[in-house]
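Structure first, commentary second.
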Amino acid sequence: MAGSIYGKLFRVSTWGESHGKGVGVVIDGCPAGLALSEADVQKYLDRRRPGQSKYATPRKETDTVEILSGIFEGKTTGTPISMMIRNEAQQSRDYSEIASYYRPGHADFTFDEKYGFRDYRGGGRSSGRETVGRVAAGAVAAKLLEELGITLLTYTRSIGPISIDYRKFERGAIRENPLAMPDREAAEQAGAYIEEMMKAQDSVGGIVECVVTGMPAGIGETVFDKLDANLAKALVSIGAVKGFEIGDGMAVAAAIGSENNDGFQIEQGKIKKRSNHAGGTLGGMSDGSPIVVRAAFKPTPSILHEQQTVNRAGEEITVSIKGRHDPVIVPRAVVVVEAMTALTLIDSCMEHICARLDWLKRFYRP
Amino acid sequence: MAGSIYGKLFRVSTWGESHGKGVGVVIDGCPAGLALSEADVQKYLDRRRPGQSKYATPRKETDTVEILSGIFEGKTTGTPISMMIRNEAQQSRDYSEIASYYRPGHADFTFDEKYGFRDYRGGGRSSGRETVGRVAAGAVAAKLLEELGITLLTYTRSIGPISIDYRKFERGAIRENPLAMPDREAAEQAGAYIEEMMKAQDSVGGIVECVVTGMPAGIGETVFDKLDANLAKALVSIGAVKGFEIGDGMAVAAAIGSENNDGFQIEQGKIKKRSNHAGGTLGGMSDGSPIVVRAAFKPTPSILHEQQTVNRAGEEITVSIKGRHDPVIVPRAVVVVEAMTALTLIDSCMEHICARLDWLKRFYRP
Amino acid sequence: MAGSIYGKLFRVSTWGESHGKGVGVVIDGCPAGLALSEADVQKYLDRRRPGQSKYATPRKETDTVEILSGIFEGKTTGTPISMMIRNEAQQSRDYSEIASYYRPGHADFTFDEKYGFRDYRGGGRSSGRETVGRVAAGAVAAKLLEELGITLLTYTRSIGPISIDYRKFERGAIRENPLAMPDREAAEQAGAYIEEMMKAQDSVGGIVECVVTGMPAGIGETVFDKLDANLAKALVSIGAVKGFEIGDGMAVAAAIGSENNDGFQIEQGKIKKRSNHAGGTLGGMSDGSPIVVRAAFKPTPSILHEQQTVNRAGEEITVSIKGRHDPVIVPRAVVVVEAMTALTLIDSCMEHICARLDWLKRFYRP
Amino acid sequence: MAGSIYGKLFRVSTWGESHGKGVGVVIDGCPAGLALSEADVQKYLDRRRPGQSKYATPRKETDTVEILSGIFEGKTTGTPISMMIRNEAQQSRDYSEIASYYRPGHADFTFDEKYGFRDYRGGGRSSGRETVGRVAAGAVAAKLLEELGITLLTYTRSIGPISIDYRKFERGAIRENPLAMPDREAAEQAGAYIEEMMKAQDSVGGIVECVVTGMPAGIGETVFDKLDANLAKALVSIGAVKGFEIGDGMAVAAAIGSENNDGFQIEQGKIKKRSNHAGGTLGGMSDGSPIVVRAAFKPTPSILHEQQTVNRAGEEITVSIKGRHDPVIVPRAVVVVEAMTALTLIDSCMEHICARLDWLKRFYRP
């Protein structure tokens, strides 16, 4: 029943529900000496905030983070870093009716089965709001990775049937359209598609992609803590994710060896792969190429559209879920995917440095 | 660097390489009282054994398991269960040339980057042979799950471009064809495809699917140890896996909410879902429906077909990898997928029973 | 570097330093359904609060706890419970001089060696204040244990050379004297001893003892997670502890087998031990007798008395540590020992219930 | 129920019982590049072997270790190291009677309470034989530590009422007398004492002490994974241990601050402590001084001397335990204490090197 702690060396412990006093996270194991302030974290939280586009719920949270410990004179001390974000825009009355039935696609039913009762207000712990803690921690992880020369670029690859065209890839476009797509044309088409679905009282899904550059080769712990295995767990743990891919993903199943294998070559005196069907890992360890991972998000479950379900009295009923709902959560999930990827990478980078006796000797007997 | 231990309560610690003395596993935390013998484990290992079909390498290992501890009078005692399988058919000379270069698609390069050197014989720890330990442990997990009313059915869903037709699904066909496909026609077509690729000195991939029935609802620990997140890690940790799906998988990205949501209904007085797009989990916990997961395997990397790579002296070379290679590993991976799924499920089932104070009180103050 | 998380199923993640914004804890894995309010926790924190006796520093903290998540309608939901206690009575100026040298007996030196710098204000993370989070979590653990019929009684067994006389043991006396001793006479003598030491500008140590009743037999996980081994770690992790004992403790070394062995007998139809030299564990598992553990606390390091040390410039100097110091911390440590014991016991109780296949079957196939 | 795995980065998984096929261990996370052979491990196992003195049971096990994986061309590869020691001198008939009753001081009763039944032959998993796996792993840990400049010296400090005199401390004496005492006179007196107790059909206990030199300061993870806390768990997890001390141990309780504090001074340009009452740790981290820990062992429970107990039918009976018993186990426990200390230290040393961002940057951006 203890599932809210992630990581082995860089560990995060998240807490908080949709309608509690707030949400937050405690990071245990952050190396000392990193310059860190609320601003570093706030910029990540701002990418997640609701109410920023016409496709997102108009819930007005400022999501202002407060760092409560672990920093001294502007730097991390190596002691636990506790961060909290108070909840502001709560409307219990939005959810009072929901207590009486099980919303399709939501965790109402499973929470009841597990615990016997649940905080029905807004989804409680299963609400998207619990990702605030992950994003705050991910901001710290990302800053550490930057110090090590590792950077992440995350964006929406597709919304419903509309995918980006990689030949029109514009990095700058990601932050400039509310769908976080690096292809302005695709963003427009996707926007039209979403409006269409909103009129039909329905919702849509999509795919988020994250590209990591700068990872040296060899990182990851075979055979169970492979880097890709941990990335899979990290991304699938995000609510609404039903598929994970690395490199060519599911498509490798229909490929042939001579085309799927990434051969090697020499580039500027270093060994580099010739292609990257593998998506940056070989044998579960980073291979020096960019790491490319994807998560597939199902359509938002809460819709006005009528649905068949059951109430707590065991009666079959038809419902239309009123209240504030996102027609698509993918754009807001972009920073969550980035955060989870960063948390996984920094943990692996920290574990890697004791792989060889020589490295330990270099440290202890310089 | 400690990545060969899996699980929280039902923990497995695997060891062994392709050309060492043997491979094995230690299970720590198996409940006491399970009837267990070598035969229970052997039948799982036999499903994995090489040399059983014309599509698998003719390496003649009997893979005979020996249980060294943890059993008394035919039952598990609750103490660690150590199992070992001696390696028999080793041919070092097959691999002597390989020590000098990096095989594309293999972990040679990444092992060298991590450790500075590697056991080059046959892939060492990154060889498929390390899965023997996982399968042996999975056999024990599967037997425990059966005692709890939970069963797994695993099969090949597709090889290359040939997929099974669910309308022709025959459970009995799985063990009767060397490709482990539940659709005899598809198995034939896939067989022809493989032979074609073998002639072209190439290899193919495929998808394995596992269906779990009998899981009660509510199992899984939000938010990071969600059941689906752990299944993702489990399956992606298997060598050659590049994609993971649960339920509709990647396809959810293009679906709409009203169709993707699984509504609820009453069936024989119990709450059941009307459909199963979710694949058996909601909010990261089992929801009472069958759990359906898939893993996509890339084509076997070792092929006779020429490839461009680099040798240890830093020179670009062309290689053709001789030796014993499987043109496709998917049929042998079926039992590995089943084992990893079983290990994940039993661990979650054990953790679940302390979710409520009432359950603890029922145990301690009956 | 990740050392602030304790437990396997009932996990606590503490945070906060002496002069940060506050201290707190996140509990992950608390079973659902426990009635819990701030009052339940506050009464434990009140036992720890400074400024309650003439032997404790007059720092006026109210240590008011706020529960931020994990509770709904007065009961734990099974989701993480975050608790925070704001710091109030901070006086940075008390410690400004200390930044320049290493106080003997304090962690200034070791923190600098580990991290390269430290939050010098009041001891930072190594200050006794970090125990607030442990005590808050321990309060929850203790309440759970009570629900299971397990209770803890903790008190000061000795201060300096003055020990309690078990023949004069009065449970009620513990909360009535500021030294938490169950022997009023000894409490008086100890009080006089402390005043004597205060006049000499010195400090004293002591021993805290905790007795657990109601633990059923069989709890603990051999061979490394034995109940006594985990209790040892739990108590020694409290600052200033230099010795741990269970049962007869160090004295067993000079005993003989025929006297040290606890024989068995039948009592009211149940098997009970005849004596309890073992202190409640056999083979690392609880044996049905009361569990008796002790922790030895060294004298408080900060004293006005002159000491020889070194400053950061590498010069040998003589110091007299001014500021607010406890001449003895043992009475305040009593609730910390109780908290750590409770945390260890509840974790073990939760893990124990999946020891037998029969118990799992009883749960899953009732 | 999963208690046979120890460590976080350097993890050991032990298995095996007194009368099973063998005992062994799997080490996961050993750094690559350490020269290792069976001989390195055998010399540690030989220090533990029964039948080497008149005070130890005449069970003739050669305890020959076989390394099954993780080594290539004489060096560790970074992959799991599996080691096995076959059981040889088994005599089931010695223990057949024991199945019917609970031996005082043994874990028969608690194993039954936990699992419902037990392998009664020779103590099964609770037999001292399970320490073989720990010692084998400890040998590897010790060799790694030596490479880092850290060494351990372990010996018997006292047997019954006879303690060594530190003024007569002779390092060379430890291996030359069967009691592993560094004081030859005390060894003689202790020997006489043991013989006396053997005649009385009784048994004795003692204290083992381990001194670690070469540990740099700053190692250990506050607040729960303090180095001393982990050492306490490590030593108390050894069967028969009832007390743990570091530095002055339990005696600190009666000390005064001005005498107990270890001041600092400059020695050869480096900061050193003036004394070592703390036993080598401050604030839970190593402080540069030798680490001094002790474990108190209770008298061996199995004695010919008559005892009162209960049989499985619930009847009170009197027993005299026949069979092969050690009158004292302390000399054989010396290498077990050393092994557990080594395992704890190497794990902490490995975790320490990612404490600072600067160290990570030095590694990733040299």
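Which chain is which? They are A, B, C and D, in the order written, and residues in each are numbered from 1.
The definition used in the following text is that a contact is a pair of C-beta atoms (placed from the backbone, for glycine too) under 8 Å apart; a residue touches a chain by one contact, two chains touch by 3 or more.
All of these numbers come straight from a predicted model, not from anything done at the bench.
Colleague: Which pair wins on C-beta contacts, C-D or B-C?
Modeller: C-D
Colleague: Compare the CA centroid of chain A with every other chain's and tell me the farthest one.
Modeller: Following the centroid criterion, the farthest chain would be D.
Colleague: Let me have the rounded angstrom distance from the C-alpha centre of chain C over to the C-alpha centre of chain D, please.
Modeller: Distance between chain centres: 26 Å.
Colleague: Taking each chain's centre as the mean of its CA atoms, how far is chain B from chain C in angstrom?
Modeller: 44
Colleague: What are the residues of chain A that contact at least two other chains?
Modeller: In chain A, residues 1-5, 8-9, 14, 31-33, 78-79, 114-116, 125, 216, 222, 351, 354-356, 358 touch at least two other chains, as defined above.
Colleague: Which chain C residues qualify as touching chain A in the complex?
Modeller: By the definition above, chain C touches chain A via 1-5, 7-11, 13-17, 20-24, 26, 28-33, 66, 68-70, 72, 75, 77-82, 84, 114-119, 124-125.
Colleague: For the complex, which residues does chain D have touching chain C?
Modeller: 1-6, 14, 102, 104-107, 109-116, 125-126, 130, 158, 160-161, 197, 200-207, 216-226, 228-237, 239, 241-258, 260-266, 269, 271, 274, 277-279, 281-288, 296-301, 303, 305, 307-310, 314-316, 351-352, 354-356, 358
Colleague: Using the touch definition from the top, list the residues of chain C that touch chain B in their complex.
Modeller: Its residues touching chain B are 8-9, 31-34, 76, 78-79, 144, 147-149, 216, 222, 349-351, 353-361, 363-365.
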